[in-house]
């Protein structure tokens, strides 16, 4: 069965608006990345929202949760802003039991050349195929259980709580 | 314990010689890729050789095998040219029993901008952390057991034998 | 004699701060660009300031003017934010008579992969070597006299006033 | 009047064939480069051939010459392999009198990320607009008269004969 990818936005999909110099969302770049990686894993991509994760509300998280519950796939990747990735993971962990869900993102927008997005996506796709049911964050080449991870605000890297 | 990465060359590390227009090897780009991916997994990188896999000899494969046996790590990634990746995998499978070894590579050199190398490396790092002992090929977002994979010469993609 | 390049900032040199998601200035990328272009023209690069041109004050423009007057070179390139490039050009035109000064910039930061900066820099270097004394803006493959150019805010392109 | 651009191939337009690891020509990338540079100069692009300049014959050069003579534009850019760029320039210089023709190229293919092509194209477009009638080579930020330039095979850079 295919792997479901839910797009929610985050740095991953931000672009530079050359008319006003601001960062914004236009469309997801997931398809381009998978093509660049010559991906042959069967995936279904659904864009749920394109927002900065600092602006993600409880209602948004509930929408993501409902999609994770109702989709037929049991392997799910969620692309997500890094700042509140662990909050969304917590909501999912409390409500989804029989699926493998991997949240991933990027520190640099995919469109900006030196992005970590392709590396993280490659890792997320591998982890979702091999990890047992559960909710995980995959960043920096590593995977973390949802209840033992935080983003270190000083370094921008993800690490265990203990 | 750290993950061991053995570099053998392949398209992954090829560069363009602007003086004569030919492709050649100068040095591995693994370190740059891991930095780009903001990798935080502990790795030890050893360059065993930098050759096109079509020119890899039995002696070369034996050298790779000996390194896989003698290194203390039980999680190993080998970057390798795609053309004979499965041959090397076979040699390893017949002689290494208690380690997880993942061979990966790229269809486009890392230095050429539109490379799949970062995606494959992200996948290989994830697979080697999660798959049980055995010899695997990781390409195109997928992993294959060493005895059920071939490179399709027409498409350049890896696929199961059956 | 060498060509003098004065760096003032602008989109050209903006970078993405991966810790807070904001654009900022760290250092100029002029040296990298000239290396990428395999430039062999003798240049002297001086960073006068690294600011967004919307924040450029009369005092800043006066500092640029004094540098243009006092430097020994008579061929000068100024990298500058596009929004007020023509204002600075006007100040220079009223006070510098015996030099060729070319202002240029970029719509996309050099670090963001799809930048027009390398194209504009190649053009500016060529124009400054070939145009007679005067103050010019070089953008979009074209050059404009300082008193017949504006940035079209809707399209982001530079065009003649009449 | 528009500027005519004649494409002849060269490193500029080479691509990497991921199925056999060889470099080849598929199509010109001039349109992509001009779009990247947000070019607003009116140009007409004609692909005359897509070959390595080491394989360019007298017949090929004659074809280029006839096109330069018969086209209505008097400002012409020719993208050309660097190895025999000066030979073609000589043929043109002996037969075209009332036009400005600028030959340019690249040391690294445009598709390979770290190319000098965008820089050289920006320079060539500027030089062709400003130089008097004559035949020139524009590389490395500089322009050379056709009869006072050679490619230094050791450094890959263009330089005066004396």
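Chains: A, B, C and D, in written order; residue numbering restarts at 1 for each.
Please note the rule applied: contacts are C-beta pairs under 8 Å (C-beta built on N, C-alpha and C of every residue); 3 or more make two chains touch, one makes a residue touch a chain.
Bear in mind that the values here come from a model prediction, so they are computed numbers and not experimental data.
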Maximum centroid distance from chain B, chain identifier (CA atoms): C
Computed distance of Cα centres, chain D from chain B, in Å: 39
Intercentroid distance (Cα basis), chain D paired with chain A, Å: 45
Mean-CA-position distance for chain B and chain A (Å): 26
Residues of chain D whose C-beta touches two or more other chains: 107, 114, 156
Graph class of chain-chain contacts, one of line, ring, star, complete, other: ring
Chains that touch, pairwise: A-B, A-C, B-D, C-D
In the complex with chain A, residue positions of chain B that touch it: 33-34, 36-41, 107, 114-116, 118-127, 129-131, 138-143, 156-159
Complex contacts: residues of chain D adjacent to chain B: 11, 14, 16, 18-19, 21, 23, 52, 107-109, 111-114, 153-154, 156
